[in-house]
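Can you keep this structure in mind? I'll have questions shortly.
Chains here go by letter, A, B, C and D, matching the order in which they are written, and residues are numbered from 1 within each.
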């Protein structure tokens, strides 16, 4: 190994916006001999998971657990509710908004994509306006990402629900929460979402390989008339067999062991504490970035993401090379850049099982790495983040003392 | 815990026909911190897996690795090659033959199901006859299971290939090897299979959550004109990104760590040794069953499965209750029964990371459990299996000495 | 790998009489990041262990936990209670009896070794006679092994206590329970033992690296005047610091995580069930051996060990070569032979986390391996063991039904 | 969990000066089924370890591997070379110097303790002076700690060797390297050390439970006439059995699996790189402390420790309370304080598997925690450390480019 390289020394600082660092407690729960997926022990495990996951989506309806990554749950949401040629309204908030649209096209849906400059979230007014124009109710579904992972923009789901209602439009409302679930507040039932797509490898802290569909009664109704072909992602077989704690085909047993622990850990900390922690660490990250004089990709603070912050490098500095250098020198990974901004930004994930100390380490390391790479920053960003975290902990301490 | 119960004492004897016991070496390889699935370390891992898996299917073409269980790979095989309304010829060798047919129906294909009594494999002559009748070549694909897991019947793939050729029929040939791959010989290229469906949780010894499509050039051609909608299981995105060692969406990183080790272990033992071991343990199991005076579900010895043996209990003895009692008393799991024979048989899996000592323990335990449950058997089945294994090892020893 | 070799396939059948197979649950508890051994979390862990281990020795006095294997605890027992030149009465029941005597010599004690033919346990009458002769009470301690691991002989501790009392002798009574603790009944307090030596890697199911001294008040008194030098094994520092949940020097943190789980598992099963299981599996082993026509090293059934059975091979058959062949062919390990019988016997361990199915696998494999090695046995031993186990489980079932 | 508490969220920052964070690779190597410690696989493992550990001590002589923590290896060093009443010269550099002296007293040696103010290392001149006065060569051994863990002071072993030689004194030279081995340069043979005591749970990155004695020929000579009783720690049995890859009593099998990997990892990084990394992170820590305006316990920079830095808090601030608050709020552990300075300082461990990012996280967290606790520091210490690390990596980069 080259001198001063930390590539394989110490803990890796995994700051991609997911898969997030898997807690040792979850890894250990999954490092276990296989059991019979049709036996009594399995049924108990599955029921704990099927019940527990509802508390994460804040729904009383069933949640489908897929053995597939989030992309699969996207497909489940569309194919279980829609028919070939149905019109869906989507928003290109970034790479993943674009990819979901691409999927809908492939599945034979008619997509309408509302463009953005990739630097913002979904504006409820735009949705309301477009739906209001759709007098014939040709639009069958509105699909948005709660958090656009590729750019770091959070969209206001409750407000978008209101916008749909204000337009008096009957379209299904589908929301992707892959990189927001269990990291920031989300309320499937209260916010009137019809299908919520979620993944396990972010806020739930599992390895990739599991995803979810939370479903409203309206979506279940739509399912009855939906004609898109589906089998692996079919809800009905799942709903039937899940009742007795089983699955229509071999589930990912070890992932369920992990899910059981992930849900338990979230409740041990308390969901509101989890969300507050994400907000705090996200703000610390933005404070550092702004101090450095670097631009945050998301232009409008009201859309700032609590889970990932995309940071633009100045012209002439390649973000991919920066990431490679940081990985080699400091054993830290950042998220890649996409689309019109490919090579121009890097993303700092601050989600999942991450604490203040780790984020301070990440930000200090990032500051040093940026300087080492020759980016003309104003140093002191990590210090500014530390000051902020001190103030937050100080306030909490004071409050606890009162 | 009740006296004499071994439910949670000692190692579990997992004799379902998959998921199979995951070797500690694989579990440990998967018990590892998450890495960036877009980083350099990942690309190396993925390339090792993508190359290695070809040697298991015995193909030089690419193999698709899905983050989904085998059912997903079934869907991938159909949706990537066929169009709505296409006719497919399938064989109901048992529960999984029936389920694949049900999936094809759901996906909008026109299925023709050749029935069997669930006690045999696929007869090449029946295939040849049916294809010969299809003068207009309306049948677009022939789908069979190499090994029908639910009944324990192995079908002769090379001979079925010859039957298709003898009929001069251009149908695609699709084979499910979920419970045979890496346990008995299989040759995707040599046997002229167009799509081979495989899973990771049997002969490859991984936990469930990964499956495969091995693809012929003819299948790749068919893919170009196939019109069934597909996205998560789409081959093209996979093939494109796999070239550089990446995936179109987040892959199951830890499963790939496991796959890498699973393939390595198979080659360390030697595939031919792996196959011989499975044959030996399967024969030992059948010898025991026959000695007990119990009927093997598969009636014809030429279709005997090298990976799973289904054993009928005499009238009046419920196989599900027998399994529950054996689990509680002896910490052993068997496979369940299905379809017309539900409750009438149990299955002994003898596949994956299993050795002679474990199988002797399984057979001796089964003999005692059958007696304890009150099944009127002739004792000595385990002894007969031991005699057979002794003869096999004696012959091998003699051969080695010569 | 050679054809038919199972050396590295499937689970290893570890039938040495310890270290025993570590349950996955314990391995996983130990596969955990390091914590501060002077922090609050550690103190709670240590207290659970220090309290729990008392229930295993059946004592209300403190138990010393050493970071050392059993040999270290032997040294702790002697150096904490005796002074240079003190006379100790020991019994050469086998290799470990001899080794403990050798240790006592090295430490400057005056040892008197009662010989045996290595085929029996300790006869209380012999102890009583010898102590009665010691009118001057020159003998300061009587040291015996509860279970002589090297030969498979269990000595009657309660009766030896009575023998000492009958002789009216004030000697300290020290008992090694390394291969019996947590596998067969043992009562430190009730049986009036002064120092009990135990180890973690047998009935407690941990990896090697931890051992124990359970201590009577009389031993604590002796400690005050004992003059043998001691430091690492010194009781006083331990007793003082253990009160607050800490250790005088860095303890083996991960072993304590394992111990905590090991004690929990034993109580979940119920100690009496644990003992009954060991008795049952031991008897099954002896039934097989006798059926084979092989001689059990322990000549007198009243001394039969519940944890290990030593089996003599006929003249002309080298037991070490037999073990090597069995390991290579069947992936099974047996215990080695010692002393006057070196090369003449092998030992089957049936202790720790082992169930009926595993023992049936072990005995069937052993029968086949003996035949393969050319030992002239009468086959049917495994069958006889199966018959016995069936009768035991049948009786239990009947009892439960009544 | 209280709001803002990170006690159980994210990775623990373990900055006690050992046991150090165990790398996942080592934990995984230890999370493995037990093997026969008298079988062929074990012998290979043991030989790799016995050979490999020599390269860490830089000796060609055998190294004894004890199943015991460092305190046990202290005892081994003394009891294997000395006799009751022998005079040993020791230096009270801190808590561990004092404890080793206490042990020597207990073992019946006559100790002479050179006092220090606990804020410095061993001065070679003081040693030379004292030995020169010992005309009759009554002093049989000089015992020093290479690194005094309790205060963070490194002593110059090569110079002390020269001092002993300058005094023309034949005393054995014994060095404790428990918290320096594999973290800073150490040369058992070249520096003429007779017995080096080492531990596994610091630079070697293992969990606690293993320790070492590296031995010179002179020490082996002394062993022949040494009369202190010893058995568990006796060198001769070890040396004899180690030759064939075995141990005189059950070794800690899993620890040897870990040791094998630990040694491999050190050589993969390169010992000189390991040492440079420790120096760099230690200097960064001191820069931060000095910037904060806090006093480093070790007064003289020539004795600064590369593995642990003890930092004094100003009067009126209890260091133990500070540590408890930091643990609760930030999930970080520091080392405790001892002796005359109990409650007055905390120690930051920067040794073992720790990288720049982790240390920046530690220092930033420490700065925030100090402020939160109300310690009047000058903020900017973490920033100063970052500046230093940037300069070091910048210089390395420049050098690599040339």
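The rule is simple: a contact is a pair of C-beta atoms (placed from the backbone, for glycine too) under 8 Å apart; a residue touches a chain by one contact, two chains touch by 3 or more.
Keep in mind the model is a prediction, meaning the values are calculated, not measured.
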Farthest chain relative to chain B (centres taken as mean CA coordinates): D
More contacts between chains, A-C or A-B: A-B
Chain A and chain B, separation of their C-alpha mean positions in angstrom: 35
Rounded Å distance between chain A and chain C, as computed from the means of their C-alpha atoms: 54
Per-residue overlap in chain C, given as positions that touch at least 2 other chains: 11, 21, 28, 31-33
Contact footprint of chain B on chain C as seen in their complex: 1-4, 6, 8-11, 13, 21, 31, 268-270, 273, 276-277, 280, 329-332, 353-358, 360-365, 367-368, 371-372, 379-380, 382-383, 386-387, 389-390, 392-394, 396-397, 400
Touching residues on chain A, where the partner in the complex is chain C: 24, 28, 31-33
Contacting residues of chain A [partner chain B, same complex]: 11-12, 14, 16, 18-22, 27-28, 30-40, 67-72, 74-75, 79, 84, 99, 103, 106-108, 199, 201, 207-209, 228-234, 248-255, 324, 327, 333, 336
